[in-house]
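Quick heads-up: structures coming right below.
You will see two complexes here that share chain A, one where it goes with chain B and one where it goes with chain C.
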Partner chain A sequence: MWRYIVRRVFVQGIPVLLGFTFLLYLVITIAPGSPVTHLRGVPNIDEETIARREAQLGLNDSFPVQYAKWLGRVLKGDLGLSFDSSRRPVADLIMERMPATILLSLCSIILAWVIGIPVGILSARYQYSALDYAVTFFAFVGISIPSFFFGLLLLYVFALKLDVLPAGGFFMAGEARTFLGYVKYLLLPSITLGLSDIAGIARYMRSSLLEVLGHDFLRTARAKGLGENIVVYKHALRNALLPILTLMGFTIPFIFSGAVIVENIFAWPGLGSLAIQAVSERNYPVIMGINLMFAVLIFIGNLIADISYAVADPRIRYE
Partner chain B sequence: MRKLLAVVLLCLILSAVAVAQEPVQGGTFRFALTTNPRGMFNPILYTEQYDSYIIDLVYDGLIYIDEQLQPQPRLAKGWEISEDGLSITFFLHERVKFHDGVEVTAEDVEFTYKTMLHPEYTGVRYGSFKLLVGAEEYHNGERDDVPGIEVIDDYTIKFTITEPYAPLVTQFGYGVLPKHLLGDIPVGELEQAEFNRHPIGAGPFKFVEFMTDQHVILQANDDYFLGRPNIDQVVFQRVAFDALPIYIRQQRVDYAEISPDNYAEVSGIPGVDLYIYEELSYNYICFNLRQPRFADPVVRQAITYGFDRETYVEVLREGFGIVANAPIPMASWAFTSEGINEYPYNPELAAQMLADAGWKPGAGGILEKDDMRLEFEFLVPEGSRVTEQMALLFQQNMADIGIKVNLVFMEFSAAVDRVDAREFDTFTMGWSLTVDPDPHGIWHSTSPWNDPGFYHDRSDELIEMGRRETDPEKRKEIYAEWQRIINYELPTMFLSYGVTVAAVNERVQGINTEPGPLGPLGGLQRLSQIWIQD
Partner chain C sequence: MRKFWQRFRRNKFALIGLCILTAFILAAVFAPLLAPHDPNRANLRMRNQPPSREYPFGTDDMGRDILSRLLYGGRISLSVGLVSVGISLSIGLVLGSLAGYFGGFVDTFIMRLADIFYSFPFLILAITISAIFGPSIYNTMIILGVLSWPGPARLLRAEFLKLKTTDFVAAATALGARPGRIMFRHILPNAFSPLLVSATLGVASAILSEAGLSFLGLGVPPPAPSWGNMLNRARPLHILAGMPWMWIPPGLAVFVVVLSINFVGDGLRDAFDPRQDQTQQHD
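And then the complex of A and B:
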């Protein structure tokens, strides 16, 4: 097992991350637009000042030099300074916002699993019932509806019309940080972010369980006279959960990329608005920093999924 | 009983009115921001407008700009300009203190301005002060002092420039930095100073807290030299753009600037007043005069006659804007309508002008002359629904007079790249302008932002004269003539002057209810006088 993990990290993970950062840096530097574009708006600015700024940001270097310098710094644990006027360390910008993004992502993942799995099980257990059809219908709606639209819909209903939940944000200035407060501010964004996963997981759970239920060993179990509940919940479920674990690994990247959009709708103080701002301003170090971090998290997520796969299924052993 | 109630109510109303005259102490003023500040709360290093809100309240400058856009004394009691217009002496108030209790002196003023000239200065404001005597040599590292900045005593400082420059006074609004806190930091490392995130100035409000992407809290400065503000606290609350109308409706913010697109959503909310005011800005369609087909002013004029700008402003912008015909907005003191052609929509005249100039329909009915053809690309930055609709209207209107416009929608930054490389036929963008109308930065033929490629001797001459002329009346005449030239030449077609909508909760008293270009809060100047009437 340990040998497997080491191999995954060093033989697969690091080369993939290197390749990814290289391609990303290439793409963002050849994309049109420049990190100094926004300086156009500064009154009385002269070309010399802009040229100095470009030199200061290292924009006069060719792509390979820029990338090598960036990589050299990253290997030393330094993500560089942001290109915007605050010139703050990218690591600080990320660390300040990371907890909020992780909190939101975790909540929506938990929500997706806590709702998605039982709904999927019930839907399979009572296949072709009214409940099953309802779940299928809502699952398709949930997968199809764009998150920004769903988010606005929730804002309209719960914040404007019913006025029971805040219209985004994360605690007003001076507001006490109570547990109830967290729930209040987290509810709408995590539902928005988790919706397509709730739907996806419910559908996967349903089909996975149905597939297992058709197997011979379950027919044997039933023939032995076991009750249907024991057959489903004890024997079938454990087998059916296996593919769902892989799904967990796959959903992590979607949760993070979804968070970028959802955070913007709800003014959530996470990485989302930083990421979008960085892209529109061509803030290379911030774009690189955020993506590198997401890439690492996704890699870890997949690794955990693979390992938990082995834990759940005694037949799978990584050597 | 009912009558009694009515009397009681009347009394209550009367007393409310009576109280409203008298400023109330205390309370929190909540200002909605849809974009979070960056946390560069340093007047000589910031570039984002959202940071400037905090800076304007935490720091005071030598002068401030009033609601008539005129410079007024602030930390300076007054100033004196020499006969030749080359030097300006500021006389500072005595016993004014920074928030840490240290007195503000001319040394701090010198430090603030000299830093912007320093060879290692990382900000972008050197251009505004390079006219100071010795500034260029100092900036290039050729000398260690700046003779153009002279501390005469603790409360007197003199600035000298190399050539007369009319907008000079308006440049001295930069917040004065405390030298005793920053003087020992190498200039090149100033942008990394912790100070920038915990600023200390001499302004009406003290900095309390900046929560990334959430809010900024400021607190009234009890020892402010012009008197403590009435309100206790100012909170800049980050609000999602889409949720802004909800925040206004629920009265969770007191003040928000909203896009005219959201006007309908917020109008008619009880307890909230809307104010519409002109900004110092305009938008335009720029022609690339480097191309022979746009070289003749008649072509530019005909295109302008051929575009229904009234429909653009009245229908697409729903009336939020004023059709523009020259680059100085109505809100500026230098604006003139005298001798300005308004180019009312007239497609027949447009077609006639082009025909008279020798343009004839060629293949596909598109106008041609010699080897030139009036089929061109129109570069449109994405992101604004109204701008995209404007582009479609332009395309339609042009088709009516035999001109083919090919729309190219592009992300803003990418569009700017094309403009900077001069790889465009026409494009649309906008300019936000400074308080002083000096058009040098955008319109002088040597300016890096001379996007159309406009070279006109008389225009350059007038721009230079306007910079030198210190008599406001004469300056106004110079700019009037200059506007008439631009209005005739139309290097860019002017579309509209911008307007802003501010939503203000009625509990906020003491605002300007007939706002000029600085809005109901007069920039943010009025925050030290307003009060909250719950």
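And then the complex of A and C:
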């Protein structure tokens, strides 16, 4: 197992991360305009100041040199300084925002599993019943409704009309961090972010369980007189849950993508809102840092999904 | 073909989806005839009007007719969906076929590249690139297209791997057909049905992504109407709370179109899949 993890990190993870940052850095550098473009036309700033600023930010180097310098610093754990006037270290900015994004993402993933799996099981057990059709229909609704529209609807109903939940944000200054407070602020954003995953997992669980139920070993189990409940929950479910584990790794990139929009709707102080702010300012070090951070998080998420798959299924052995 | 239609028709959701989708496409095509007003003409005396006979869906904060903007916005959403899937399909077609047919180093290289594109947060990459090159409808099409090629590429690669070992390909090779001919004349037509299903579902997700980007202000820039940027304009809380006619119709439009396309895609998949008949017999 350890050999597999090491190989996975060095043979697959590192090349993919290198390729990704290289491509992204290339796109950023060849794009027209630069972070100092907006300074032109500002009164009191002459060409000399702009040139000095460009040199200071290292923008005069050629692309390979810039990338190599950036990479060299990153390997030492330094993501550089933000381009904006604060000149704060990018790593600090990211660390400040990351907990909120991870908290939101985890809550919606947990929500998706806790709701999606039982719903999928029920749907499979009563295949072609009214319940099954309703679940199928709502699963389609869940994957089709745009998160920003669903989020705005929730905001409209629960925050603006009924006024029972806050219209976004995350703990005002000085507010006590109680458990109830967390629930209050997290409820709407995590439902919005988790909805399409609830739908996806329910559908996947349904088809996975239906497939397992068709196997011979379950016919044997039924033939030896076991009740349907034991057949389904003890014998079939274990096997049907396995493929769902791989789904976890697959959905992580989507969760993070969705987080950008959801954070935007609910004024959530996470990486997504930082990303939107950074791209509008062309704050390259922050943009690169955030993209790299998400890439690493997704890689780790995938690795955990694969390892838990191997742990859960003794038939799978990674060499 | 007839049998295919019969199987498709059996899926009621897909049939309803197809009807709704057709209505939306017709509305988008004939938008200039159907729209009661110029979608971009501001009328400051008619700002924030609730729905009325003159303005069936009301007006926005610049006094523009919401219904007309919805109709024209449909043109943008549907064309961004179609064009970006066209782009991702073309790239995916070439790279997926090459990877599946030649295998070995070519395969490894292309699939690693696909991994790079596939395992990163799509939307964060999309907003980064869109902000750098400047938001525009064409940039949106290109970004969505270029970032989604790994889907069709993986699918085609799998089809090629499966079909490469079949007898008819062996026969074609034995008759001296060149790789290009085998790939595009013999194998590709057989991969048509999964490709069509994936393209259909691809249009749905491209429309969602476009609306999301425009909602963030990084997709189709105003004043051109797109369903996403109409929702973006309605973000201030007083509009959200007091003037729902500004944001519910465009949101519903995205939702209903995407839902219809997903139903149609699902219906196509069932209709193409010959196993469907067997499962029906079992039950």
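Quick notes on this structure:
What we mean here is this: the second predicted complex is superposed on the first by the 310 of 319 C-alpha atoms of A that agree within 3 Å, B and C clash if a C-alpha of one lies under 4 Å from a C-alpha of the other, contacts with A are read in each partner's own complex, and residues count from 1 in each chain.
Just so we're on the same page, a contact is a pair of C-beta atoms (placed from the backbone, for glycine too) under 8 Å apart; a residue touches a chain by one contact, two chains touch by 3 or more.
Just so it is clear, the structure is predicted and the values come from calculations on it, not from any experiment.
Of the two partner chains placed by superposition, chain B and chain C are both touched by A:Ala167. In the superposed pair of complexes, A:Asn291 makes contact with chain C only, with no contact to chain B. After overlaying the two complexes on the shared chain, residue contacts for A:Phe217 are found with neither chain B nor chain C.
In the overlay built on the shared chain, the residue A:Ile261 is in contact with chain C alone; chain B does not reach it.
Legend: residue contacts after superposition of the two complexes on their common chain; A:Ile28 is shown touching chain C, with no touch to chain B. Within the superposed three-chain model, A:Pro15 lies in touch with chain C and out of touch with chain B [touch as defined at top]. In the superposed model, A:Leu152 makes contact with both chain B and chain C. In the superposition on chain A, A:Tyr233 contacts neither chain B nor chain C.
Applying the stated contact rule after C-alpha superposition, one finds that A:Phe63 touches neither chain B nor chain C.
Residues common to the contacts of chain A with chain B and with chain C across the two structures: 31-33, 152, 155, 160, 167, 264, 280, 282.
The touching residues of chain A, when paired with chain B in their complex, are 31-34, 37-50, 53, 56, 84-88, 96-97, 100, 152, 155, 159-160, 163, 167-174, 264-267, 269-270, 273-274, 277, 280-282.
Listing the residues of chain B that touch chain A in their complex gives 28, 30, 35-36, 38-40, 45-48, 51, 122, 124-128, 130, 191-192, 196, 209, 211-215, 217, 235, 237-240, 242-243, 246-247, 249-250, 252, 411-414, 416-418, 432, 434, 441, 448-449. Contact residues of chain C toward chain A in the complex are 13, 112-113, 115-116, 118-125, 127-133, 204, 208, 211-212, 215-216, 218, 228, 231, 237, 240-241, 244, 247, 251-252, 254-255, 258-259, 262-263, 266, 283. The touching residues of chain A, counted against chain C in their complex, run 12, 15-16, 19-20, 23-24, 27-28, 31-33, 127-128, 137, 140-141, 143-149, 152-153, 155-156, 160-161, 167, 253-254, 256-258, 260-261, 264, 272, 275-276, 279-280, 282, 287, 290-291, 294-295, 298-299, 302.
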